[in-house]
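This is the structure, below, for whatever I ask next.
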Amino acid sequence: MTNEITNIVQVVMPHFEGYVYPNEATRQPLWGILIVLYPYITGLVAGAFIMASLVRVFNVKALEPVYRLSMLTAFAFLLCAPLPLLFHLGHPERCFEVMMTPHLTSPMAIFGFVYAWYLMAVLLLELWFDYRRDFVEWSETTPGFKGMLYRLFTVGVTDVSEAAVRLDHKTGHVLSIVGIPSAFLLHGYVGFIFGSIKANPWWGNVLMPIIFIMSAMVSGIALCVFNYMVLTWIRRKTVDMKCLDAMGMFLFYALVVDTAIEGLDWIHRIYSAEEGFRVIQYMAREKLFYTLSLGQVTFGTLVPLILLGLLQLIRRRVPELQRRRMYFGSACLILTGVLAMRWNVVIGGQLFSKSLRGVMGYKMEFAGLEGWFMGAALLCLPFVILTVFVKLFHSERLPSK
Amino acid sequence: MRRLFNMPPQLFRIFLLAVGIVASYSVARYFLTPQSFREYGWYRGAALMELATRDRVYAGKKACEECHSDEYQKLLKHEHKSLSCESCHGPGEAHVENPDNPDVKMAVLHYSLCLRCHEANPSRPKWHKQIVSKNHYPGKCTECHMPHSPSEVP
Amino acid sequence: MKNQLSRRSLLGRISAVAAGALAAPVAKAAKAVTQKLLVSSDAPKGYDPTQHEWVMAIDANRCIGCGLCAEACKKENHVPAPPDYPPCYFRTWVERYIITEPKPGSGAARGETLVDSPNGGINGYPEAPVPKEEIQHSFFVPKLCNLCQHSPCTQVCPVGATFDAPDGAVLIDPTYCIGCGFCIQACPYGCRFLSPVTKTAEKCTLCYHRITRGLKPACVEVCPTQARIFGDLKHPVPDDPIQQFYQNNLVEALKPHLGTEPRVFYAGIDKEVR
């Protein structure tokens, strides 16, 4: 058939190679930067909370200086977590439907409930029981609007006797225990969302929720290291090295487990080489080279492993300044590495066709809901909120007192 | 009630808050769940009717027979009987609803439409009649073939 | 004193009961008003979906790749199309498979397989990318929603906006869909898309507005060679094409290893079809 007779529309589609289903030939993948950021943020929440619960549940005394900061970090990031989801929906005004008619066979339907549970029953309650005594004291001593706020936060309960404080402590302990599986559920269900999609060989496997949870632990602890060091530097105080060393140790071992599990996923894929393996390999090599080989593996995992591993082995011989730099550098690398991992999972799964015969491209825009600016803004917002929290709730009191 | 359970004030307030939240959720759920939900399954039963009452664009072959029965009968006697009128003439519902309106027309046909199905192509099955148009005849298809009765000589 | 107390408590109890009795109709009326404002309205009943079992079948031996089906679907269902929208929204499309001869001396049974679907096949197909002599087999495969019995798309919808209708169609409620895109990711056959017009998921509805009135889906209507076959398994007609299809053909389903149990069967396709 010649073009002039059948009047073919010459459509130039440069952004895919091979064969992709016609519905997959969109310029942008369906789940873009917003869906990359959501698991990243909830992962940071879960990881920061788990680190805080190491103090409450496992009585790791060395981490006490960073307990409150971890809880506030988790809180600030959790407040921002629904934003990328809301912006991504085609009809955000219908978002309440998830809680009114949740479809029980869908992992996504659990979001409203697990988020509300974690925010209110775990984080807010634990924070309240921890800060209650301070709220009562501050409400009596602070004038003006701030004093009114603190009075509001006391919820009208002003009992700060020994018995009441002991009860606060016990309740906080119980809430922490409840919070650990809740944190796993909050982030694990996202991993299950991807792991349950059997149509997509990059996503649909049983290790996905575990990988998400482990990398969440790693990113959360790294975030706490980062926040603690930045905050201490801003306040011109000295870093508690015992605390930092403890965080570094937990970070290292969490990273080892995370690397092992992700490595297992890779080894299994390469070894069993199922039907989709060829197109996945091509996609990972061509489209994900920078974010996967460089961002996630080399700089996000191997370099921090070496740095933190060295510190575990020869910590005593490394001077304090170098140690602080290594911890800070590792934390930054890990934070970007885990973000790269979320990118590789979410975007990578949409860069090859379900026909297993083609790959698509993705060029992010600057403006718009799924653009660079929005992504940067959503990443900065939790830090802004955290700054407000740190200013409002500043206290040097350790949880055991 | 507080005296009943002997709860300390901080736990009692939290308990009240929790009850309030659950109660307001239940009330909201009652008001915001659509009426026809769960009628057939986990969806709005009314959606079935809403989807079923959309407007048509194609009328269907039978709709043409009422006014164009001559062509219709001729079509059924020859090789193109398996085609619908709208396969070539395009969507017809607008014309069926406004048969006397001269501005509502069916698609204008060009002989190149014949080649859409009959141009030779190695991907087409062998039983299908196909020609290489530039070798077959330089002029119009309709000079020798009548679309409603293709094997009849004009 | 006792009389006053008992009168007051009696009045109290009567008003409590009255309030309780009024609460139910007041709540119902309030719900109706809220529903009108916030939630989509009801429509009258008519067609009984439990009395039908719609199904489609594809005979790839008969497809000539004219693309009339894909074009009719776009027009019938107002699917976003060029020039206003990019050409990546299809409720149905046609794929061309070209299986080439193996390279001489390679020891292989077949050469490489080339697949394409330019604009979904709507405008027909350009010249084959390889010369005729190098083609071992070539055929067309129309694709659409596979009407899965265990549809992964309806399983993952978080709100219940997409569902398996009792009559076999898999449908989307456009006034309830929140546009999260989970169903689009979960469909193994690539038959769903997010409409840029409605910002909800969209897919082949078997032309629900036609089949519920005794018409055929638009693609089946215009197909010149009966490559697309449609029928009602609960009400077979004399010389039912769908029954004849099942009787006369050995069939395949797409991606059977995923356990979706598609109800759309394909005759005449090759192992290379995904």
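A, B and C label the chains in the order they appear, each numbered from 1.
The rule is short, and it goes like this: a residue touches a chain if its C-beta (ideal position, glycine included) is under 8 Å from a C-beta of that chain, and two chains touch if they have at least 3 such contacts.
This structure is a prediction, so every number in the text was calculated from the model and none was measured.
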I need the common contact partners of subunit A and subunit B, sorted by label.
C
Name the chain whose C-alpha centroid is farthest from the C-alpha centroid of subunit A.
B
Rounded to the nearest Å, the gap separating the Cα centres of subunit A and subunit B is 44
Quick one: report the Å distance separating subunit B from subunit C, using the average Cα coordinate of each chain.
11
Just the number, please: Cα centre separation of subunit A and subunit C in whole Å.
35
Two or more other chains touching the same residue: where does that happen in subunit A?
1-2, 6-7, 97, 101, 103
What positions in subunit C touch 2 or more of the other chains?
124-125, 160-161, 176
So which bits of subunit B are touching at least two other chains?
32-34, 37, 42, 116, 121
Touch list for subunit A against partner subunit C, complex
1-3, 6-9, 11, 13, 19, 21-27, 30-31, 88-92, 94-95, 97-98, 101-103, 105-109, 111, 193, 196-200, 349-350, 353-357
Mind pulling up the subunit B residues that touch subunit C in the complex?
30-37, 40-44, 46-58, 60-61, 80, 82-84, 86-87, 91, 116-117, 121-125, 128
Where on subunit B does subunit A make contact in their complex?
8-11, 13-14, 17-18, 21, 25, 28-29, 32-34, 37, 42, 112, 115-116, 119, 121, 133-134
Would you tell me which residues of subunit C are touching subunit A in their complex?
82, 86-90, 93, 95, 114-120, 123-127, 143, 152, 155-161, 176-182, 184-194, 198-200, 258-259, 274
Note: in the complex, subunit C contacts subunit B through residues 27, 30-31, 34-35, 38-47, 49, 61-68, 72, 75-76, 78, 96-98, 124-125, 128, 132, 135, 138-140, 160-166, 171, 173, 175-176, 205, 208-210, 212-213, 215-216, 218, 221-226
